[in-house]
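Shared between the two complexes below is chain A, which pairs with chain B and chain C, respectively.
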Partner chain A sequence: MSLLAHIEGVQESTDIDYNAKGFHHLHVILIDALPQVTQTFYDSGFYLEMMTCQDRREADGVFRLVYQFCTLGAPQRHLVHLHIDPATEAPSMAHIFPAADWLEREVFDMYGVRFSNHPNLIRILMPEDYPAGAHPLLKDFVDPESEGEADGQPV
Partner chain B sequence: MASRFDVVQDTESRDTYYLNMGPQHPSTHGVLRLKLHMDGETILSVEPVIGYGHRAHEKMAENRDYLKFLPNPSRVDYISGMIYNIGYCQAIERAMGIEVPERAEYIRIIANELNRISSHLLWLGTFLLDLGAFTPFLYAFDDREKILDILDRVTGSRLTYCYGRFGGVVLDVDDIFLKNVADFCTYFKDRFEIYTNLVIDNVIFQERSVGIGIFEQDLVQKYGVSGPALRAMGHAYDVRKDEPYGI
Partner chain C sequence: MSDPKDPSLELPLVNGNPTHTEILREEVGPLIHIDSLENLLNHARARSLWPLTFGLACCAIEMMAAGASRFDLDRLGAGVFRPSARQADVMILAGTISRKMIEPIKTLWDQMPAPKWAIAMGGCTIDGGPFKYPGQYAIVEGADKIVPVDVYVPGCPPRPEALFAALIKLEEKIKAGKNFKK
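After this line comes the complex of A and B, so read on.
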């Protein structure tokens, strides 16, 4: 019985081979379900282990937000995938997990994804006077401070 | 014109002000900038600016194949570079289903644990240095140096190790390495008494550390506290036992 089965907007819940992937369950959800999903994990004793983003605009036209929830002790690890349109804001989860505050700032800094109701959505790693709209982990990023090639050729 | 690094008077109160600390400051052990909101010498709030240590490893990884990225992970935390280097190898091996020979697994664990001890010695020494105790720092660095020598002999590096390879380690160890490790273990056990007497039982150390920086239990879940901080909060969590890797 899946932990999230009762939540509307959870599109797909799959069991994953832990030995190969390092996590136990994968959930693909809609943006509206995120607050309830996060709250459910909080209420069930999970902590937010990691949150990041993937730039999938070229393949699917979306950003994929990745949330990883884990239990203390012998870990049960749930991965949550959420696909958002590049123009959409995602809801901030910092009011449930304060750990999300900096993680969301990093996603904003690196990918330009904005989070609604975030307590302090400013750059976290890049300098505060870095050009607006320059987000280094976008696949089509060009370093605004360099005229030559960025480090390393695509392989 | 005031620069962003100047001391700024608070507009709402005559008693408080904003003070910039860092990014270069002896107590930050690296580069860290803190925007402090101060009332006299009391810190009311602080906003850390952490980006000075950012070195774009993700972007480098994006533009390289897995093997070319191998020297990078040990630079993420150069104090415990071996653990990052081998952790990265294990992630690739897990994803690709590569098996590691038993001998290499043992070598990795020995190298990892030596590196872990040297990493702990560094925080112990510098933490006490920040508390004003210079002598334990010298003891800790003396012991740490012995570990660096052992690892230097087999890996060729003192800090930023690139010893692991996908499927094993780059060079085998010899009998001299085993003897060095065994000798160090015997030697280091005797040092515990010195550390206990000099540090843990030291009343000045206790006055300056006991009851300072208390974590409330709900922080565990809200922030995902891990490692020594988590164990200090009373959770008997050890990743080596609770989610074993290697052997």
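After this line comes the complex of A and C, so read on.
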């Protein structure tokens, strides 16, 4: 897609059949390109529709951050995939899209991915006193507060 | 005056220590306890149960329907939903209890003046309902882990008639007068 073609670090931009997938373009980018990609979307009148994460540590050894940017002018949905190493921090985009503040907090809460330069990176869904390091949507998550069994079955 | 040794008048120990009332009772005997007056009060209490305006999830919609004109909770004297816990008699726990709601629910329960009662409405408040599975991290498996529940109403959600039945059961319980240890 020409929108991001000039940015270094955009590995792959594909046009997608909207009727089949529900979005128009898929971009796979490197972590260094994220600030510039975000700024480009912002300047082009896009908003951040949603953001989430996938735990792909077993398959690829990475977390996949998924951003969806939309615009209502000429309706377009762009999906951005960003693969990060579990040990690294992703750059926060909360200073560009304020909506990212809570979305990034949710990703941190559920997956433990940390965001650099985030204004307030604390849990958002789980209780604040939930044990540190416990992130429920990780594939290997075991609830530290679980009572050990449910319905008579050991967890 | 009733017998000071009557076991039904004994208060539970708080953290293993006798309460003020208990110390007082031991020293001067029960202050005033007239059975017929208690019965009268129980009748009044049972017939004017004021619920707390308080809903947790989808069961609350059914609770609202029970309060609206088609079913009309006021027929039982229980239609006066109080916006303040200080004025409420009964807490209808209507809906899934997420773990983050434990503290607010405890606070509200503590704010309610005794005597007070709790109704667990729906499968979620009975044992976690459809959200209970091994290793779940989000919900409380049963309202009775937080507050003492008097009546359980099964259903997902229960019909308004089921909530009515629960209130009638609670009335029976109050009129029986065995629940005044709080």
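Keep this in mind: the second predicted complex is superposed on the first by the 143 of 155 C-alpha atoms of A that agree within 3 Å, B and C clash if a C-alpha of one lies under 4 Å from a C-alpha of the other, contacts with A are read in each partner's own complex, and residues count from 1 in each chain.
By our rule, contacts are C-beta pairs under 8 Å (C-beta built on N, C-alpha and C of every residue); 3 or more make two chains touch, one makes a residue touch a chain.
The shown structure was predicted, so the numbers you read here are calculated from the model rather than taken from an experiment.
**Q** Check the contacts made with chain A and report whether chain B or chain C touches more of its residues.
**A** B
**Q** Going by the contact rule set out at the top, does A:Phe23 touch chain B (first), chain C (second), both, or neither?
**A** After superposing on A, A:Phe23 lies clear of both chain B and chain C.
**Q** For A:Phe63, select first, second, both or neither according to whether it touches chain B, chain C, the two together, or no partner.
**A** Touch status of A:Phe63: no partner.
**Q** So in the superposed three-chain picture, is A:Tyr47 touching just chain B, just chain C, both, or none of them (first/second/both/neither)?
**A** first
**Q** Between chain B (first) and chain C (second), which, if any, makes contact with A:Val142: first, second, both or neither?
**A** A:Val142 contacts chain C only, not chain B.
**Q** One more residue to check, A:Tyr111. First (chain B), second (chain C), both or neither?
**A** Neither: A:Tyr111 stays clear of chain B and chain C.
**Q** Once the two structures are superposed, pull the chain A residues common to the chain B and chain C interfaces.
**A** 125-127, 136, 141, 150-151, 153-155
**Q** Taking the complex as given, what residues does chain C use to touch chain A?
**A** 99-100, 102, 128, 132-138, 141
**Q** Once bound in the complex, which stretches of chain A touch chain B?
**A** Against chain B, chain A makes touches at 19-22, 42, 45-49, 70, 72-75, 97-99, 110, 123-128, 136-137, 141, 150-155.
**Q** Where on chain B is chain A touching in the complex?
**A** Result: residues 49-51, 54, 56, 58-60, 62-65, 68, 91, 94-95, 97, 220-224, 235, 237, 242-243 of chain B touch chain A.
**Q** Which part of chain A faces chain C closely enough to touch in the complex?
**A** Interface residues on the chain A side: 125-127, 136, 141-143, 145-146, 149-151, 153-155.
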